[in-house]
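Note that the chains are named A, B, C and D in the order they appear, and that numbering of residues resets to 1 at the start of each chain.
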Amino acid sequence: MVDLTVSIGSGTLRNPVGVASGTFGYGSEYEKLIDLNTIGALFTKAVTPESRPGNDVPRIVETPSGMLNSIGLANVGLERFTSEKLPFLKSVPSAVVVNVAGAEQRDYLTVVETLAAEDSIWGWEINVSCPNVKCGGLALGTDPALVESLTSELRTLTEKPLIVKLTPNVTDITTIARAAEQGGADAVTCINTLVGMLIDTEHRRPVLPGGTGGLSGPAVLPVGLAAVYRVSRAVEIPVIGVGGILEPDHALQYLLAGAAAVQVGTANFIDPQIHQRILEAIEKYGERHKLRTVREIGSILL
Amino acid sequence: MVDLTVSIGSGTLRNPVGVASGTFGYGSEYEKLIDLNTIGALFTKAVTPESRPGNDVPRIVETPSGMLNSIGLANVGLERFTSEKLPFLKSVPSAVVVNVAGAEQRDYLTVVETLAAEDSIWGWEINVSCPNVKCGGLALGTDPALVESLTSELRTLTEKPLIVKLTPNVTDITTIARAAEQGGADAVTCINTLVGMLIDTEHRRPVLPGGTGGLSGPAVLPVGLAAVYRVSRAVEIPVIGVGGILEPDHALQYLLAGAAAVQVGTANFIDPQIHQRILEAIEKYGERHKLRTVREIGSILL
Amino acid sequence: MPSMARYVTPVLSNRSVADDFYELQFNWPAEAPVPRPGQFLTIRSAASSVPLLRRPFAFSRFDRDDNSARIIYQLRGTATAQLAAKRPFDPVDVLAPLGTAFPLPESDTRPILIAGGIGVGPILFLARTLIAHATAPRVIIGARSAGGLPPLPAEEYGEVIACTDDGSYGHHGTVVEALRSYLATTSISNYSGESVLYLCGPEPMLAATHRLALECGITAHVALEQTMGCAVGACMGCAVRVRGPEKYARVCTEGPVFDSRTIDWRSTTW
Amino acid sequence: MPSMARYVTPVLSNRSVADDFYELQFNWPAEAPVPRPGQFLTIRSAASSVPLLRRPFAFSRFDRDDNSARIIYQLRGTATAQLAAKRPFDPVDVLAPLGTAFPLPESDTRPILIAGGIGVGPILFLARTLIAHATAPRVIIGARSAGGLPPLPAEEYGEVIACTDDGSYGHHGTVVEALRSYLATTSISNYSGESVLYLCGPEPMLAATHRLALECGITAHVALEQTMGCAVGACMGCAVRVRGPEKYARVCTEGPVFDSRTIDWRSTTW
């Protein structure tokens, strides 16, 4: 039997397969559909201090082997997250990671500070990379100095695993990853969505009212793998791989590229049971290659 | 009838549909297969001063709705380009644009200087963005100062249309585009390939021997469209759109996004006649919307 | 409400019912909750990344006797073309039942059911259900031309008012015009109670009918469409604009059936 | 050489010829140049972006009388699964004929044809062509087990040496072993001239046969494979390592058929 647990900072995940922020709501939405026990980590929809209605509609459009979204961090806000969403999340045995977002540095600190004492929260994923929010968002995640200072400020607020989620929309993702590491992050997640656009030639307008949106799905798999391959060689902290996983083999590719764990995003929409299939594939692969821990998969890349 | 000609610097293209560098060799390879007369512009495989054998094999792998390549600027070099390839290109009625590459600034100047007097060359596309060459290549195209200085040096060598081809692997493509404009470029091409990777889990190694490669094909269509949309709003010079076009509608999307012309790359491999289908679609679209010139398509986006 | 699940279940039949319209009938697993009119399912039409997302379709019929469910779908793009290629015994991968159902009318109201285009499936399902509950609805159905109308036998659906844009069959004009003249010619005093509208179809038709309903003081239940990601309420992708502080509601969870007065109809861009 | 073109042409038949192996027969347009053994075509298996690239397959047969061409293909992934679903009259989108052909043997040499796995198509095509030119080749063919061998009637191909890895049919072992023992038992003096080898199959088999050919001083013509982009010589994607200053040759243009001595066999990673 392969040891599936993954250590990240002060915490341990029961297995390396998580569900990505924004694609799994606050967990309860999928309760009826799948066995939440088998998920390694549940990354919530981004939480901002205030509730946000989100962007104009439509918010989703399919692209070749991918999709663009422009949800705009639509979320219930800190208050209703605590009163309406946390009670259910307490009952979830997987690690619950709150994805934290905001328009400015202060917002991130507010969310983590306010929720710091909640036992049911396993850790934080700091979303410095959402391409759908104008002020802050993207700019923050592209500046190593800002990422480092935000991370170190957050570090003073929490002992729990602190994960910084990186955007691929940068010249050199390893510099941002190193900045997060420098700031005291316990791990980085690669990648958030790519900036993309689609135009409706019939109606002569961008399909998404905001023009651009975030590209996810299998189309971005090669981009995510390259990011994880590079970042995992640039930092000492664990890297969580996400982007384009639609088949168990894609998740194995991330682990071979150097990821300590993976997240499934868009694929939850298509096959809600995919994390289970991935888990089985990882166990089989580990056994076939006689590995003791899932972490060793990254070491057998030739 | 819609006027299909496109002005770029001192030159004019007979129509806005070109074939992208690296996917069309030096033209003669496709001579038997299609009518080269219908191509608006033929962008050659990159030409470097010395011939290059290219990267290790395999060099191509398919990804979801895309492909990765690691050709490594394999090309015959300046001397054999002049003796073996130019004679055929002289007979091609389309605008012949030489895609220029190198490991350092000097190489670019050498190519343009050496070929400057060749009448059969319509213009230059400066490839500052190939992700498959270690020294120079990518680094050059991500630094606005380098791009501006290279462009202005080249500008002194040629009156012909000078086009700078941009990489999408940057934080803000508009700053690089503005640098090229500042340096005196007559146009910019967006986008070259994205850095990507795929791993063979069976053989436990990256499929491409160099690890990463360049992602092209429909998977990157949304990324290219977003780049053209942004860049065409940031610079005054024409933008040539390329990336992921597989259907005529994709080319129309580029024109609506603000491109003055388009290039077809990977799709040449799949449907060598695609540029003709695109041309027909553009004419139809222009007539339906009662446009006099193809350039007006960009102005009807709502 | 009984909850959704994913089922891979065999196709029973797949046949053309009008120009470009097909009816897919598939086995309904015994353990699955019974779908109600207005609810929908999502289908993964092929194990590929093109198309990537599951596609939503409204239930058009459920038969307890042979444990089968149906959808009526229009050929549009890749997914529906793949659906049209399905043959009996082919498996279909469905997530169902999803969303809210049409609220059944009070016993003293007169249900008027209005369908246009791809709205025909859920409206016929509702009609059959009402008839089975001994409530005779009036069905108004519109299409571009005669060929776009599925067969609607009077013995099954009562006397149907058919409309075509080109006048090739039935009423020449839109369903909204047909509704207006129907309401005008039919004195409301014929009924013990009020009329109530149930609508599904293209957005302009829904908006126009909503305005007519407001004018006449009639309640209208509309089944909306929006591009979907998860279809289970998790992604916030399927939002439509609603009146009130929340600004948006999810078609997959709060809908697809809404009281037309809750919707913000200002824009037509969805 | 006659040049290539793109044809959309109807399927004539598509049938299983061995475990996981199918033979696709399609109409060969009258205006198209006649394909020769060793040459290949590329097929776009579906009008989708998955799979994206055309897939290369070697011609396995050409019949002038009914104007048909064939390929023998193994089920591997998406494209070959889509090929297997093609029915008579379905159109196939092919680019052909591509690449170099096997050079025909001198009249005083003895051709030995060796196929493994997906190499069977071009080798059988060459065998039929040689026989039609009254040159009797010796065919050696290998598969994992009996089920992987297509039917090879002696009246068509002469006496074929079959090999299986598991010994379930014919010679127990590889084609290379079979070739070695064939060469050993067959005195070269039986022939007026030398033997010449024609090979197509998995790379390790080609490399091993090449070494044996070197040992025995026999010329070997190998048909290689490499992932392709354009298939017409434009993209430099299909490179294989060769000896000499150019370092690489294109399988689609300089190949797929090469003299085995021109290839750089050091590595097995392609």
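We adopt the following convention: contacts are C-beta pairs under 8 Å (C-beta built on N, C-alpha and C of every residue); 3 or more make two chains touch, one makes a residue touch a chain.
Everything numeric in this text was worked out from a predicted model, so none of it was measured.
The leading chain pair by number of C-beta pairs in contact is A-B.
Chain A and chain C have Cα centroids lying 36 Å from one another.
Chain C and chain D have Cα centroids lying 55 Å from one another. Between the CA-based centres of chain A and chain B the separation comes to 34 Å, rounded to the whole angstrom.
Computed from the mean C-alpha positions, the centre of chain B lies at a distance of 47 Å from the centre of chain C. Contact of a single residue of chain C with at least two other chains is seen at positions 49-50.
Touching two or more other chains at once are residues 64-66, 217-219, 246 of chain A. The touch graph of these protein chains is complete, with an edge between every pair of chains. Contacts from chain D toward chain B in the complex involve residues 3-6, 44, 49-54, 95, 226-241, 246-248, 253, 269-270. The part of chain C that touches chain B in the complex is made up of residues 49-50. Taken in their complex, chain A has these residues touching chain D: 64-65.
Residues 63-66, 68, 142, 169-172, 194-199, 201, 203-206, 211-213, 215, 217-223, 225-226, 229-230, 244, 246, 249, 252-253, 256-257, 285, 300-302 of chain B are the ones touching chain A in the complex. Considering their complex, residues 22-25, 29-30, 32-33, 45, 53-54, 57-62, 64-67, 69, 71, 74-75, 209, 217-219, 246, 266, 268-273 of chain A touch chain C.
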